[in-house]
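Here come two complexes built around chain A, the first alongside chain B, the second alongside chain C.
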Partner chain A sequence: MARRGRGFWAQLAFTVLVAAFLIVPVAMSITAGITANFFQGVKSGLTTRWIAEVWRLYRDTIFLSMTIALATLVVDLAIGVPAAYVLARWRGWLPRLVEEALVLPIAIPGLATALALILAYGTWREFRTSWVFILVGHVLFTLPFMVRAVLAVLSSIDLPTLEEGARSLGASFRQRFFGVVLPNVRAGILAGALMVVTLSIGEFNMTWMLHTPLTKTLPVGLADSYASMRLEIGSAYTVMFFFMIIPLLIGIQLAARPRKPATLRDEAA
Partner chain B sequence: MARLVAVAAGGPAGLAAYGVIVTEPRYLRSLVSTVVLAAVVTALTLVIATIAGVFLQRNRFPGRSVLVAMLTFPLAFPGVVVGFMVIMLAGRQGLIGDLTRLVTGERLVFAYSMAGLLTGYLYFSIPRVILTVMAAAEKLDPRLEEAARSLGASSWQVVRDVIVPGLRPAFLSAGAICFATAMGAFGTAFTLATEIEVLPMTIYTEFTLRANIVVAAALSIILGGITWLALALARTAAGSSVAASA
Partner chain C sequence: MSVAIKLVSCAKTFADGTRAVGPLDLEIPPGETIVFLGPSGCGKTTTLRLIAGLESPNPGGRVLFDEADVTEISIERRNVGMVFQSYALFPNMTVGGNVEYGLRVRKLPAAARAARVEEMLGMMKIGELRHRRVDQLSGGQKQRVALARALAPQPRVLLLDEPLTALDAKLRDALRVEIDALLRRLRMTAVYVTHDQAEAMALGDRIVVMSQGQVAQVGRPRDIYFAPQSRFVAEFVGTMNRLHGVVRNGHLEVMGGRVPWRGRGGGEVEVLFRPERAAIVEAGAGQVKGRVATSFFLGDRTRLLVEGVSSGTLVVETTDRRDWEPGQDVHLVIDPDALLTLDR
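Moving on, here comes the complex of A and B:
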């Protein structure tokens, strides 16, 4: 069907160029992270020294980021999934207004949210200096993504009919929610969860304002290493970050794809 | 959800007390350059992402999925990492510097200027917009293009009169999100940090270095207001265009 004329090759060249623009620096930082001296180039030899150095200096930030990401996920699941259910079931102007508010994390820059949090709770010392302070910021930032992911699936299925069927068979609200609603929105929850964890691990704008010297997350550590360490250490650190997010990104892609076969199988079962 | 509503209402309301009108030229300059930068980035990104996105959606060839993966990988990069990528490309030890030294004998280093910032903003905007354009191009009816072509339209006319109008809703929503992200991007500017004055950097300096909380809060509200307005306008425009075509 495709006539591969000059147009095809020109567009292909353009697309490859754009991809190169995005990937070449990634490849460079991976190389720099394992090169003994980047200024002299790869011929100075390969080494794992920088990786070890990063592990020594910034290990804590990696663990803190993982803790915060998982805690954010737990809170988002506990609040976001019921919230999406309420929004899907409840008609009227108020839920629409709340849905409207779900675009807020894109509209309100992280800096502004961080400022608001600091102005509101900054004087509460124990809270300000604990990692829970960052957790609150991350939940505020990621919760809408979870709600939207679940809501998208909820509004694509015929929820009232399913629930009515369950109710006519004598299922209590609890049984309906856990037995009917949750299994049906599994795909949405999974997509939302991967999104939330990825966003939380990479969040910088807000976290930079919220962090204290004792509560540094991975991106904060990255900024710190870019500013004050040699290029190789910054690169090695970036590489470790890549390896943390690659599985998540692949997961997001996989979660987004097989929705059709999954529903078919569900119906057959 | 209660907390979400509480902060959405409580944050700006609490800040409103500090809502001092910004009149100083320095803040105004920062505001204007941020808006201009975000607008330029949005326009460039839309052009680049449309060419690549429509191409990838329309053609099947070996290596296509690798290209798509490469183009969307940077989606999850925080602003700081994007800044570092720009340093890798155009910094003092960067690739562009090496290449230009080979060609002209002089190192071209622009990572720490407005051009570097522009590069960084393009870097994180392109993947997002490409995904939206690809999803929208999938829904375009190829028969419309065929019909136009059989009626004698040149390929440029097909692009102008069929493809671009068809992608209009996607342009509006992706463009608005791109603009909003570029307005609020802080990590990239922070990593490249030099004398560049964009609004998020100004807010940060006012807050931390000068402890000028009132101005920082007022600037944040203005920043949030502009991005919200851009998103709202795009939603209204997209809504009406959908209604018109239906």
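Moving on, here comes the complex of A and C:
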């Protein structure tokens, strides 16, 4: 192997430094969450006590976050996939406009969207106090990601001709939508789904405005614990958040990888 | 099983105002292979799609299968087989899955499906590809799968839109011969779209030459070739030479000499003839004289571009083994019966 020049080592050192700069706080946080007394340091002993405490105090927020994330996913799938299909099949300026307008909920600060929702529906008490209120906010925020992920795959295949082929073979709309369209955009749906769940679980801005004392999600609870609990509890909470979010992030990476040309047996055949 | 197709004053105007086709009338007897031939944008695909049911004609136009009006029947229920230039195979299914698809949507029992898939794969000689994913196939293999898939549900007509255009020349010839044999064996009414006149000649029982959404001429390949009814057909199908000159004393006098004139009329005329109707002869024996502008050695023959006979360049072919140099004199005899006078 060729000897590496000085530039290589300088670059490596810089990269390691930056990575360390980013990772140190994470490591500190995790350590804090499992240390008996953070101010005395690790010598005070490691414990799962804080994690148990978080579980006792905040497990509702974890369940609510998961519920909302899954509900968001279901709604996004039900609306986003057909919407992407319509956008892909329908030519002209209107669909392009809709496509561009789809980024608005991402570009507008979550706080503003939340405020708008409260202004519009805040007086409808049952709705305002139920977790469905938060769900609506999350759907607004995440739907564009689902639509765009599916749309990207849809526009990379010659969908009109595929469908015409299916039609000539006698396939009804239902048959070709479920038998031809959906299976061919599976990668986009998967990527979109992981994205949506991750975004929903981590969403704080909007949720902080939308929540009520009885509808706290994990990130809201996290802020709450940072503000009012001892540092170890807040950190233990962070640890639990990591455990939920990291598998999802890895999943996104895997889903985004190009598919290997494996020889798949046709499931349906 | 095969049907007659009839188009009755079928026109198609798209939403943007483009008049792509006709109004045109056309009758295709059962079992015939008819080829739509014409330059790009002349409406071949649109006409095919009208027959398929992927487009509906303007009000007043009708599509009949065996005298039954199918104009209002959607493609899903017309029972037509389609083969596309881009193959349009389903990437989520294997070769076998693709061929089976039309049978599955018709809810045929599994055993019947399996038997038919087997038969189709065998017919197209792709049995060993059964479990392959379609993105692992060559272009030729893909088009075989597409044919098998289209034929599996026993369609009433087979519609092919430039099925060979995406393939390289050698493969195209091989598959063309095979499709020809297949269509003859199946005796299925088939409509084949191409802009390649050699393909059209080789495959078609009849050829429909189209121009700007209209039928320019319908006829057997030899009629189209030997008796074109318009300049457009004459020049689009095969190669045509133009002679410009004056008819005087029973001869057509051109720049490079004179040719006996058997036609009517007189005065200034422009006539057409096919390259193979001119022969290269020794100096002195020729009717007209020209100069070689360029020569192309094609192996079995040499193609010469000859100037000086008429205002344009003539194409002449010869099977002799001479080396033709640019600038060299060339003497020609043109068969007087080959001269076509076409006013349109």
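The rule is simple: the second predicted complex is superposed on the first by the 256 of 269 C-alpha atoms of A that agree within 3 Å, B and C clash if a C-alpha of one lies under 4 Å from a C-alpha of the other, contacts with A are read in each partner's own complex, and residues count from 1 in each chain.
We adopt the following convention: a contact is a pair of C-beta atoms (placed from the backbone, for glycine too) under 8 Å apart; a residue touches a chain by one contact, two chains touch by 3 or more.
Nothing here was measured: the structure is a model prediction, and the numbers come from that model.
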Touching partner for A:30 - first (chain B), second (chain C), both, neither | neither
Which partner does A:190 contact after superposing on A: first (chain B), second (chain C), both, neither?
-> neither
See if chain A has more residues touched by chain B or by chain C, and give me that chain.
-> B
Which holds for A:110: it touches chain B only (first), chain C only (second), both, or neither?
-> first
Taking the superposition as given, does A:143 touch the first partner, chain B, the second, chain C, both, or neither?
-> first
Who does A:164 touch here: chain B (first), chain C (second), both, or neither?
-> second
May I ask you to decide whether A:180 touches chain B, chain C, both, or neither, giving the answer as first, second, both or neither?
-> second
Of the partners chain B and chain C, which touch A:57 in the superposed model: first, second, both, neither?
-> neither
Just which bits of chain A does chain B share with chain C as contact spots?
-> none
Complex contacts: residues of chain B adjacent to chain A = 1, 3-5, 7-8, 10-12, 14-15, 48, 51-52, 55-56, 58-61, 67, 70-71, 73-81, 83-89, 93, 95, 123, 126-127, 155, 177, 180-181, 183-187, 190-191, 200, 203-204, 207, 213, 216-217, 220-221, 223-224, 227-228, 231
Tell me, which parts of chain A touch chain B in their complex?
-> 2, 7-8, 11-12, 14-16, 18-19, 21-26, 28-29, 32, 38-39, 79-80, 82-83, 86, 98, 101, 103-104, 106-113, 115-117, 119-120, 139-140, 143-144, 147, 198-199, 202-205, 208-209, 219, 222-223, 226-227, 231, 234, 238, 241, 245, 248-249
Interfacial residue positions of chain C with respect to chain A in the complex | 52, 54, 74-77, 79-82, 84, 86, 88-94, 96-97, 100-102, 104-106, 131-133, 135-136, 149-150, 153, 159
Counting only contacts in the complex, chain A reaches chain C at residues 157-158, 161-162, 164-172, 175, 179-180, 183-184, 186, 261, 263-266, 268-269
